[in-house]
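So that you can tell them apart, the chains are marked A, B, C and D in the order they are listed, and the count of residues begins at 1 in each.
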């Protein structure tokens, strides 16, 4: 078994520098790498490009990096719910590349799986396709989208082991598995680091080969953006 | 819950006709849809095109269809271990399209996921790429491969439920998940049809949306091609 | 009388058929789930990675790890499954989802839709909408017939940046049910008490009125 | 004396480094696992969908659902995982596998390899070999130096249909270890007791012999 375990978030983020391109898992605040984000704030890396479906909220998730103006460019599909984001974008401080959500996921998966680019129908005929190659297959139009190139991918899993195997819970899975192995170095933080051999090999969502570093995360807040409930009848 | 359960293999194969293109899961004899294959023999459909990584052995797996000369064309990556296959191919009775294994898997996945084609480095500069579009990305050459188009996909899972959710075991998973939803109709046979609600939603390998019909299989032989063992010391 | 959001959702729910996998967008579409007949089997897919969504959780039972694409806490029904974003959009792009219901800021008579950006004012992003409209063959738009300034949202041509081209097949608004074909809006039904003239007045695109137009039946 | 298959496997095992994910082809490469140092951590991947392969099962414990790409019954080690074919080739195409060891019928001095077809005679198919050689950056070929008729398998140009172009970086044969670069075979090591002349005689492609060539050390 090849050991990917590092002792803490500091060791996990070694080598992260300003101007790098970072991938971060999560959908809204669900399944985000909370420990890695907190450490990125501490490290004060600047002018990073972040690939992440959303940009967090004002005081949580990637919103924390936005507050400190550490982000040069965001590549996301949806960036509502964040006033500071809107301010920086409208003032031109922040560069924003909006990408359809399925395209975003597949640009990660393409990088993971060694595909240089792919054709998708999403965005054809819209400003998303401007300047991009388009092509017809069987009477339908597609846009050519290149794979992402990133330096670090930060993902959050529910459970993991020292071999780097990951298991996700509920919808906190989202982009996390697609980002594993899609960057030069993939760093996984887990709620529970379990002994090697305890994860069922049939139910490992991401095999350890896609993960370079894994650590036991701490103090997860797991905030809820829209708490919707019904009353017991 | 949308109910995909059919009562038996006869009902599961309704609509299968001669000249159709069929996908069949499995690697060697591991994870093959034994019940569907037996029924295809009984139905005496002829001149079918089979997309399957292997062609079985002389008297088992797709070898049974070969014996009855029901197959017009095989699309596979590896077809050793089968004398009847070799005889039919060399005599010109059987058309054979050999495809790199990773390309075969991805041509299924592309069909499942709505991608018309993809670029892969596999086979560039070889006869596999002859007549195909090639293209350079970042200094490396790739071959454009189209998604498969098939009428039926026959897959075998370990467990499944009436919603069509599937769970696979060990390496009998192989091509089966990639073929689900890659044909007009996907038929899943399972060793154990469990009550809806008993499969863990986090550990469903293939969500039921990719499966049109599911049935409880019978009399699995699960033959082993190369029984390799060591002695207890 | 013009329908409110719940009325629109109620009418759209009639379009949901037995055995459908349905993706509901944020806003009015989310309300559709409340009105689907209980004697048919339908499964709701949410593009953030869940199939088989159930109602909101009971108070105190919400789980931060189980949300829908609107970031709302949800529950799942027996037979549900979770999956990653790539597989989720395989369902959408691969046409495995039978019906997509989403909101819009504008719809054009050629089926174009705009719902993700108002240049210089509002840029939230397209989320999964561009993937959905580019692939789905059965797309229903749920929206008010006119905007807050009383201007028609059913146009000859969209003025806002497009989400997708020529993709909308049906529109259910506060005033009417319309089919989009041959570069025209074809009036199918009127909201209860709403006249053809009112609908005509609120529709900037080409409106085709063929014969007697029935009122919606909202049971 | 020329090495046998086990000797070749033993020498190749020295190329396996700590922390490597390794894909072993059918034939001689499969034997490599028997000779890897036990004080380093290595994981074996098999393209049919398993990472973390262990030794063959004990008699009576074989499981038809757990095999390797050679269709042999296997076991798994703690930390193993199973996955589908698409993800398996994501590992290969995405360059996550560090070392690929495979057999060959011919290797050319430009790094071309042929190992899947003899026109009119033998057509077994390429299996995963074309994906492996097209993507791996670290490919070692394991083969006898000459074929059964005594003809060199290290050629100026392959005569058989290619599996991949310009991809082989190292060849370990029954006679020698050779590096493939600049369109030449560079002799690195001799099998114990085998002379440079013998190697030269068995090599049809351009052979570069620089200085004293050491004997392999097979402990």
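Definition applied: a contact is a pair of C-beta atoms (placed from the backbone, for glycine too) under 8 Å apart; a residue touches a chain by one contact, two chains touch by 3 or more.
Given the structure is predicted, the values throughout are model-derived calculations rather than measurements.
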Reaching chain B from chain A through chains that touch each other, fewest steps: 1
Greatest separation from chain B - chain, by CA centre: C
Of B-D and A-D, whichever chain pair has more C-beta contact pairs: B-D
Whole-Å gap separating chain B and chain D, where each centre is the average of the chain's CA atoms: 28
Chain centre separation (chain B, chain C; CA means) in Å: 36
Where chain C and chain D are represented by their mean Cα positions, the distance between them in whole Å: 56
Multi-partner residues of chain D (at least 2 other chains): 50, 82-83, 86, 89, 92-93, 135
Touching two or more other chains - residue numbers and ranges from chain A: 109, 114-115, 120-121, 168-170, 173, 201-202
Set of all touching chain pairs, with the criterion as stated earlier: A-B, A-C, A-D, B-C, B-D
Residues of chain C defined as touching chain B within the complex: 19, 21, 41-43, 45, 50-52, 76-83, 86-87, 89-97, 135
Chain D residues touching chain B - in the complex, by the definition given at the top: 46-50, 55-74, 82-86, 88-89, 92-93, 112, 116, 120, 123-131, 134-135, 161-166
Residues of chain A touching chain D in the complex: 1-3, 109, 111-115, 161-163, 165, 181, 196-197, 199, 201-202, 204, 207-210
For the chain A and chain B complex, residues of the former touching the latter: 114-121, 137-138, 140, 142, 146, 167-170, 173, 201-203
Of all residues in chain B, those that touch chain D in their complex: 27-31, 53, 76-81, 86, 89-90, 96, 98, 100-106, 108-109, 120-128, 158, 168-178, 205, 222-232
